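So, here come the structures, one by one.
The same chain A turns up in both complexes below, where it pairs with chain B and then with chain C.
Here is the complex of A and B:
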């Protein structure tokens, strides 16, 4: 599970409300995608390319736990996210929808917006192709890696509900 | 084991669980509101294609809309009503109060239970000794609805030990706002927070409630308070169904204990842009406000309305200030009627709104232009939640909301409480 693309860098403590405004949350996914993160960087939704990497700071995705926020990011075609740390509900939602997320404390200090990053979500290694520096992210727990491989929670829910009891 | 570990062990059919374990636990109640209910219903019907396993455990409360302002919102509510009828789940329609008050007061929340919901403040129900956590739409649609279960990583627990007594004019909400900043946004990611100590023990139940309410905003998974005789008395008002009173073992482990003394606190304000931006009222005093509100997922309690009335009785709010009073439940409005508070607040210039979550995210009220500011008992102050990203939201106690409404600028309530 790998991705390579342009780094789009965002700051600390960004709430899900800033990814998808609440009045858009009951609209179409296409509308949410077109406006995702619009208050923080309007160029992101316009110019993001499939495979690009979203990098953000501490406690990314705090506040409301609506899965439409990571779903709107996923709909842009990004290859995944690398954050200094993620808010709990956002973290859970990413794996449940099948969107790879790495936590790598120090990532925002180590990369700049516009750098080209190569990310291996299984090994947790992020390579900055501009500076040729590699960073080691935290390992994704095996349970959540299984969920990513399954394509999210829904495809594995039946098996999970039965085998654990 | 502590209370949360015992609840998760029991609900997953295990003798013992430890922090870090992944368990699949039976869920006793799923709470959804009008925003999350609609989104979850779409995922359930479009992607899951299985029957609803326990419709009697699923509760939808329309609390962001006391009345839909647009045709498209009316359609969303109608579709959600149809979903509730199709699957036989409980629905509390517009005007029922905010989701957490409606869930509790209608008997769906019990000590020892596993409560999940898509509102991120769902952990508030740890106040009665339940395990309560916010989950995402796919957990609810993909596992809770079709199987009655959810997966959890058993969290490490941090003990929050609170001591001291308030100064006059300072309230438990001031303590909770201050504590949010002390722990910090993201200061307790994925942890369970065990709120205890003499201060918590002495609080009434609706004031204890304000502490598990902050857990999501410091990044925690859940918060809880050990049940006691006050809990049992409180629960008897809402349900006659039996429940398990579980308690933490006296030798249960904590990852850490963080102790705080609240004795020296002044009235606190949390100012936009984030909940960690907290300071004493003296830092913010004098800033103009055009809106004041008692409401939101943690506000609009009878305690809040009584505090505001204490300041507003015989006074009038300033020219240019609009003051929304939003009861958290129908019962609270009835209580306010019985205590004469409805008239007191009305005569002071306030406007009563239907039981709901009020201006929370400005779904049916409470949008602001970029030049406007609000002081409220809401739980969130992030830019853009109430209209313009430049509008400001100040969170405070009901005393401070009322005092600021009288002056038209953020004000120290103690000047009115002498």
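Here is the complex of A and C:
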């Protein structure tokens, strides 16, 4: 499982409230996608391309569970996320919906906004094609890798249910 | 080497002899709570193409956010939940009148020591007040657990927080937690189980234990825990739970903790979390005098009956400052009823408070939002920008007595200026 694209870099401690604002959390997914992270970087939702990589600092996705927040990020078509660290509930929610997330302490120090990154989620290796420097992220447990390949928890549960029959 | 609370509890929930921090297990929750996201769980179940639930008695649904509905869409979502509960034999269904899920489920006696509980709300750590491992998950995970009965869990590392008491006058569990959050920072306990010990916690009311465990989420905790004791057992009896209906879990005295934190309760003063993060904590003297437009006494953190009593002790015979809005949202219908019966509600109304129906209310941006440039002092648990209306408004967090004192003065105020000290004490 790999992704390659532009690095969109965000800071530390970004709460789900700032991915999808509470007044938008009950709207349509299309509306949430168009406004995702709007107050931190309005260009992101407008210019993001399929396969781009969202990079963020410590404790990304803190605050409310708000499972629509990672869904709105996924709806932009990003190839995945690489963060210094993720909040626990946000981490779970990404795998649950099949959105690849790599924790790599030091990532924000090693890349700049606009760099081209190639990420291999299986090996955990992130290559910065501008500086030609590679970083090693934390390994994703095998069963979570299976969940990602299946497209998330629900498709995986559906597949397991079919196999049982 | 002994075991922590989390290691013992997940061993029980996973049917394993022992577990150790870092291990991943399939754990069976005793209770699966969903609130405003319940309709999403139901829609996800439809996608899964099955209707077979592992155990409807383990499912609880509470319509606490956006209640009563203010849009046809929300009304439709709530209707779906109501009908699903009726057709699938879900007896623990609480409608828009009940209040905040966490408080309602505890009051109704559904939460018992030794349980594993998952919920669609991040503040599900609150159940630790009764010696329960509670934690938040996403709605698809709730759906999958409705069907399979289990979910994956990593056994967390544990942090021991030792609080020595008693606290001084005008200082509460909220202040203890804000102090801790300021010291540990917002990710200081990410993925950890936070155990509360020490003389302050022994004999502490369940209401204050709920405040401790609720706010443990704001240091990133997975679980929070207060060891059950006689206070817990008596509280549960009042909720209709017999002493033989649960099995308490205690950590071993030689359990391994990744960190131990000590808080000296006696020297603690009222604390305030300043905009825009919960870990931006200052002592009351550093922020006193800051003008506010609105005061909110509500949320699962601090709108329990005891919280309203404390606020009323300052509001009695006083009035909210001109131009300031005081919004009080009782955590549950039971809290509201007790406040009416005891006369606390009259004190609040006489002071000029606007009292809303029980539920999450303004904490979840549901009514009580702010205009550009406004400031709210709130008893809730989060102050991120845009959480209560305008992105250009500010939220301060503090205890119910700080909130009451602030409502009276119209600026952030020290509650100790209002509290008559007991005979013989030194100010």
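Please note the rule applied: the second predicted complex is superposed on the first by the 157 of 165 C-alpha atoms of A that agree within 3 Å, B and C clash if a C-alpha of one lies under 4 Å from a C-alpha of the other, contacts with A are read in each partner's own complex, and residues count from 1 in each chain.
The criterion applied here is as follows: a contact is a pair of C-beta atoms (placed from the backbone, for glycine too) under 8 Å apart; a residue touches a chain by one contact, two chains touch by 3 or more.
Note that the structure is predicted; figures quoted are calculated from it, not measured.
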item: Superposition on chain A - do chain B and chain C clash or fit; value: clash
item: Which superposed partner A:22 touches (first chain B, second chain C, both, neither); value: both
item: First, second, both or neither for A:123, with chain B first and chain C second; value: neither
item: Contacts of A:59 with chain B and chain C, given as first, second, both or neither; value: both
item: Touching partner for A:152 - first (chain B), second (chain C), both, neither; value: both
item: Overlapping contact positions on chain A, where the chain C interface meets the chain B interface; value: 13, 15, 17-18, 21-23, 26, 39, 58-59, 62-65, 67, 85, 87-89, 92-93, 96-97, 141, 143, 152-154, 157-158, 161
item: In the complex with chain B, residue positions of chain A that touch it; value: 13, 15, 17-18, 21-23, 25-26, 39, 58-59, 62-68, 85, 87-89, 92-93, 96-97, 141, 143, 152-154, 157-158, 160-161, 164-165
item: Complex interface listing, chain B residues touching chain A; value: 12-13, 22-24, 35-36, 38-39, 43, 47-48, 72-73, 76, 118-120, 134-139, 141-143, 146-147, 149, 151, 153, 185-186, 189-190, 216-217, 219-221, 274, 276, 361-363, 380, 382-385, 389
item: Chain C contact footprint on chain A (complex, rising order); value: 13, 15, 17-18, 21-23, 26, 39, 58-59, 62-65, 67, 85, 87-89, 92-93, 96-97, 141, 143, 152-154, 157-158, 161
item: Residues on chain C engaged by chain A in the complex (per definition of touch); value: 24, 37, 40, 44, 47-50, 66, 71, 73-74, 120-122, 136-141, 143-144, 147-148, 152, 186-187, 190-191, 220, 222, 277, 364-365, 382, 384-387, 389, 391
